[in-house]
Amino acid sequence: MELYQGPLDVKAISSRWYDEVRELNYGAFITFVGIIRAENSIEALSFDIYEPILRKWFDRWQEEAKSRGAIVKMAHAIGDVPIAQSSYIAAVASPKRKVALALVEEFVEDFKANAPIWKYDVVNGKRIYAKDRSTPMEGAGVLRKDGND
Amino acid sequence: MELYQGPLDVKAISSRWYDEVRELNYGAFITFVGIIRAENSIEALSFDIYEPILRKWFDRWQEEAKSRGAIVKMAHAIGDVPIAQSSYIAAVASPKRKVALALVEEFVEDFKANAPIWKYDVVNGKRIYAKDRSTPMEGAGVLRKDGND
Amino acid sequence: MVKVEFLGPIGKDPIELNINSLEELADYMSKDEVLKEWVENSAVAVNDTVVKDRNFPLKSGDVVTILPPVCGG
Amino acid sequence: MVKVEFLGPIGKDPIELNINSLEELADYMSKDEVLKEWVENSAVAVNDTVVKDRNFPLKSGDVVTILPPVCGG
């Protein structure tokens, strides 16, 4: 797992991962890259990350991947990422195509739902929490009076 | 769709595709890379391609992708590809993550089942048809006496 | 004393509270003008492990982290 | 005359046949020592379009392609 201040150098990171994966004799290598789209008159997106819990989340996925004979990799940006730059790369390598295809989908979807990362639109230099696109994490609501206790 | 004699320059191709996709304002970019694994004492895999039908197959997928607001890309090797080199890259770009994840799986699985490409193990310099790993294409069996007419 | 940290968009400095359970923390947050809106949708970690039991006991020195709705990628 | 091409591992040169349907082609292939094993599992294209009807009519000038089991990637 790799965290960077600002946009990711997608070409360098994915080229390096590709070489690692080839050396390990994996047959299928999938990367998912998230690119900042020009929409809603934003200049950039910006990200806060809580690293200790993100690292635990990632380590659990690495264990899960290992149990399927695969590996996962991930890089994410911290702070501002301008339009047409990238904030996120997830990768899966496996000897088997079907394992890799299933795993990358689960890995990316669980990332969106549960990785402790907060997203902001940057408009006129101001950060605005992307509340409507955010998802309560697994375990959210524990503080509610009618919470899940 | 791109066909190359021998191994693919994965870093160059995927970097070029990444730049194209960024310019088109897509938000999710997925690549699937097939790498030749060291197994069954092969030196390389080798591929024959029938380009006219492959191109039609690809064009149908490009139409399908377009109908979902996405695009697909593909590169494949012709002839010998040594161990740890790559024979195949498939890519999908879409504004939406879920569309891209679903499409890449369908695109790659249909490619394996129906693209007119034949694979050979190369052992001691000889090409041996990978019969046991090959799949009859959709429409196969039309010549059988009890065929599907 | 328990240290409570508010992550991401909550935008509030950490505080030290004399509390013994998440339930007491929930009571505290419900009375705070800024914090009350985050009670409903936040997850909670104690010493960086997410907990799912509102009666989870807290001891002095614990660090509690409030995790509002996320959107990585 | 219809031209028939054998792709990939079949390893046989193209031939010209005086036939009017895929059925006749199937009969021809069934009698050939090399070709008979590919009758069962091959798909067939006429002028680069895969056809699924054994009675598909052939006309002079058509190019028929025999497509054995595939494995790209």
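Labels A, B, C and D are assigned to the chains in the order they are written; within every chain, residues are numbered from 1.
Throughout what follows, contacts are C-beta pairs under 8 Å (C-beta built on N, C-alpha and C of every residue); 3 or more make two chains touch, one makes a residue touch a chain.
Predicted model only: the values in this text are computed from it and were never measured.
**Q** With centres defined as the mean of C-alpha atoms, identify the chain lying farthest from subunit B.
**A** C
**Q** Once you find the CA centre of subunit C and the CA centre of subunit D, what distance in Å lies between them?
**A** 71
**Q** Could you grab the centroid distance between subunit B and subunit D? Build each centroid from C-alpha atoms only and quote it in angstrom.
**A** 24
**Q** For subunit A and subunit B, let me know how many angstrom lie between their CA-based centres, rounded off.
**A** It comes to 26 Å between the two C-alpha centres.
**Q** Using the average of all C-alpha atoms in each chain as its centre, how far is it in Å between subunit B and subunit C?
**A** 49
**Q** Which residues of subunit D are in contact with two or more other chains?
**A** 73
**Q** Note the residues in subunit B that touch 2 or more other chains, in rising order.
**A** Residues 34, 97, 108, 112 of subunit B each touch two or more of the other chains.
**Q** What pairs of chains are touching here?
**A** All chain pairs meeting the touch criterion are A-B, A-C, B-D.
**Q** For subunit D, which residues are in contact with subunit B within the complex?
**A** Counting only subunit D, the residues touching subunit B are 7-9, 22, 25-26, 29, 39-45, 48-55, 65, 67-73.
**Q** Across the complex, what residues on subunit A touch subunit B?
**A** 10-11, 14-15, 18, 21-23, 25-38, 84-85, 95, 97, 100-101, 104-105, 108-109, 112
**Q** Spell out the part of subunit B that touches subunit D in their complex, as residue ranges.
**A** Against subunit D, subunit B makes touches at 34, 47-50, 52-53, 56, 76, 87-88, 108, 111-120, 129-131, 133-145, 147-149.
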